[in-house]
């Protein structure tokens, strides 16, 4: 048995731990051979393949990034793309199955490759934003929350020294889990997430209430947060014309709006790529290792078209078809829970 | 409504976050008043009570330890102990309910106080070892695993430089969760836990196999690990006579045994109290905050004799009677999963 | 003897450790009394004074920020400003001497207060950028370098995964010490500092050379870096019109310029206020504590108009007049040393 | 020109950064070739030599340990030892010079090889204890202090929760620098170092004084600390008979002595090998990199028999003969400075 592994989409702490978990499990338990497709699906469609032996995964549990590289290539694109061409490439290289580590796009594509062409592929969910509904948590999320929380801890003391309002922008394009968890952990006074549009008036009210209690306000905002009325949306759009989205965006928009409304000196910090890189937390290393091991079992069980997930403390296998399509949004109850701490 | 909070038993990162979560939730949502019993049940039986206002919990989410102090006092002991005396004390101080944050002993005592005397008490499970079956994880555990993992990361490089075998002892008197998770996260070559007695011959075999692959062996051992035969048990017992248990124990016993059998220079490190103190991880801060908030809801729901727990990603309320009594052991499947990585 | 302490200017890890060092030294060795002026010189001119007793500084060595607050107020401004009014205020409050912890502006003002009005003031240099020539290192600098280095470590893995060029902007308005040290520590492929203007062509050449060696380029840039020719200066200036300086600036300008010239996808990260806050490193805690203790000795020696500094491993006292006025620039030799690692 | 590098003696964070600094500097500035002697002087006497190319040092600045391995072998021992045999080996392998990274023993041996046999060798001082007088600081020391300080921070909260006295043993066989700096940074209430013997009565007095102020006492002790009278020496010696030195030693001796005298529950923690391993701090990475680069300059200058050192912020070259032989003890003034904080 020879398995080809690929990592696709945005970087995420724990990718290397998944690769290591798979390779060790396969080599030791099943005498499986491994190759890697370089740079995600691009390595599949371009037949860019490297062998992976046990020695290659040494020390990888703690190493951020992915030794295989990543890209946003789609397996249905390009000359080598589509199920037929991919099956030919697999046959040519004696590869029996693909383990695809990636987000919703990758998992959907993997399922389509199986449905349309019988490609033997199994997925490992990767979403630093924690936006996949099929798994309680995905690896990388805990690390991102920890990094964001440490940033909040640092911002807090400097906010207090100057009596400033600090606005920290964290990842979360469609869902606000990183903002919610880091905000709760760091003691934020307002948490702004895509699922819960707010008006600048409401935000200013929270900020002023904090100031009135003698504290320096700290606001955590997910990159995908949007205001709940047209005026702000327009003003946001206006700034886009000056190419703001490339500059990190929402925090740098909100901070001056808070300052204007409250008179409290306000500063924006955009964490950005720091959240995606570096050593995974122990939690993520364990989760990623277990997922990596479990997917090899799933391969040997022939569970094609499925993916491995975390449920409670168990690793389970679910159909990709059932798993993707639904965004794992922050439910109202979790936002209400956190909201107690606002203002 | 006035709630009295206590923290009991060994220190655990996140205790202060629970207190903060409860006080903020109670003050803001229910206009509840709070007092603290100092040093666990001792504060109850000795009527050592301090008021807790909102300002007192400021910044506590990230602070290790417990502002209330702790002890191993039993509420049934002493002059002020027992349900009747405690109820009198509560009445005298206008306290309506007790929130007891503690381990199996505390939870059992809490339940007995409710069963035997109708004391209105609700528990929050605290076990850094993660040995309570009623909750997926308990706060403090993730922090302990993270600290142990960082220690393994550090030991690994120095082990490699000298070609030594390193034996790291972590907490875990009855269950091996901290050893299992930190060992998986850190890439240990053997994980020794109370649930899985091993012979020194087996351990030496793993160590030699690692050495034969050109690596420096790393062994993680839970403090409660025991050998599986009499000879070692005896030798262990013998060393006890020289007061070894106070010296950390098992790692310092195993390291020279490994060295003797394999000829590989071996060194023991006992992490000890470092695992119990300091800042909780973001994971533990969120969990502890949520438990602290939920227990106040449970108080207002009158769920006496119950405790709050984590199930998947949800905080639930369960009867203490159902929850305690069963140790949350590392199941065979989880040990087998990790064992792939041994040797 | 009663000493009034103030902290002035931008936040810096170690301010609280200086306060603690002074208060403990004064209370224990000299039986000195302490008060704090709130928010820097503003507390002096507005007579906003709080007592500081031993208990207030408990645990402060590790705490970021300043319990006294800070501001950019000038002691010569406002109704209570100027040497005469300040002396009256000191007399009115029985304060014998001022310990002023601040940067070049504060130290210069302190000296002027002494020269023009005989105000008994001694300075403690505070510059996170390490731009004061009179001291080998100033507290806070080591912490900022450590934080920037950890950010580089994280960016590196994600850069490698995607084959991207990462541009990290760190503090350093007039001097490039933080960029130089964190760049060396993190293995940056180009370090851009105010002392060494470069052309975008040179930067692109370094970046391409790195790419050609198969690595993901990592550029560290100090916020005060400037291009060495007019074209870039103009383009930089043009962007300023859209209020860029408030958005972090230079990294977000350079990244797209690199991408345009090299075709390598490039991303900017601006560390910002995170560098100023949070726990100081052990190095900074020791340095700040020693400076805080030494300044109390200097007060008791009557060394008015002087400041305490680090020279090698010794804390010394030097005249402020001799100490300020010269910027501690990165010398050519140190840049040449680091430049070996570029490209 | 071909340089052979070796790392000798106990592990120390920054060894790899020195190797990387040397190789990059040599390859880029001088077109130098490099080989490594494996496991310190053992690789020299056993002619165990590996090539080192630029690619081998990639990412090494942040990696603990030494890729060359280490040992405590003496270059005058063994069949291949002594200046004559070593010169033959160097000639045989076309090696022009040796860069020896090690402590006092290594540096002394290096000097003797040069003096007695004209071996072209230059030293880089390595002492995690900071016990070499010729350099302000040696790499690894800052990392050890940081690790010890973080341990103190963690122990403090758990000490406070239980009202316990914590005794932390850190490295420092002959000098107390790690204890002094981490103790000052962490706010220890007593710092016990080899240079300053104390009686158990004095220690107990400090501990009781802390308790009387309502705090949990924290004692930091260097492994080489000794009591100042015979009684304790005897008791210490007695315990040795039960093989205590292998168990960490002094902290585990002192804790029960404190408990016996003061009645305060006391616990020992021995940090041990954790201080030697893992990622160096940014400070140590910069220092190690600069020393590594400077030693290559010294080789090209033919400064045989010398070593590179840190003086203030400068890297200098000094004669080994002048540099070794004097222990860098904690001076009385530095102990007095810290002592203010005791009790």
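Which chain is which? They are A, B, C and D, in the order written, and residues in each are numbered from 1.
Following the convention adopted for this analysis, a contact is a pair of C-beta atoms (placed from the backbone, for glycine too) under 8 Å apart; a residue touches a chain by one contact, two chains touch by 3 or more.
All of these numbers come straight from a predicted model, not from anything done at the bench.
Visitor: Can you list every chain that touches chain C and also touches chain D?
Guide: Shared contacts of chain C and chain D: no chain.
Visitor: Among the chains here, which has the CA centroid at the largest distance from chain C's centroid?
Guide: It is B.
Visitor: Test of understanding: which option in A-C, A-B or C-D shares over half of the contact pairs of B-D, residue numbers taken as the match?
Guide: The same interface as B-D is formed by A-C.
Visitor: Please compute the C-alpha centroid of chain A, do the same for chain D, then give the distance between them in whole Å.
Guide: Result: the chain centres lie 41 Å from each other.
Visitor: Could you please state the distance in Å, as a whole number, between where the Cα atoms of chain A are centred and where those of chain C are centred?
Guide: So the centroids are 34 Å from each other.
Visitor: At what distance in angstrom does the C-alpha mean of chain B lie from that of chain A?
Guide: Chain centres of chain A and chain B, defined by C-alpha means, are spaced 30 Å apart.
Visitor: Going through chain A residue by residue, note those that touch at least 2 other chains and give them in order.
Guide: Each of 153, 156 in chain A touches at least two other chains.
Visitor: Please list, in label order, each pair of chains that touches.
Guide: A-B, A-C, B-D, C-D
Visitor: Using the touch definition from the top, list the residues of chain C that touch chain D in their complex.
Guide: Touch residues, chain C against chain D: 24-25, 28-29, 58-59, 61-62, 136-137, 142, 145-146, 148-149, 153, 156, 181-182, 184-187, 215, 281-283, 285-286, 289-290, 293, 311-313, 337, 340-341.
Visitor: Which of the residues in chain D end up touching chain B in this complex?
Guide: Within the complex, chain D contacts chain B at residues 7, 11, 15, 39, 63-66, 69-71, 147, 150-151, 153-163, 166, 242, 246-248, 252, 256, 267-270, 272-274, 276-278.
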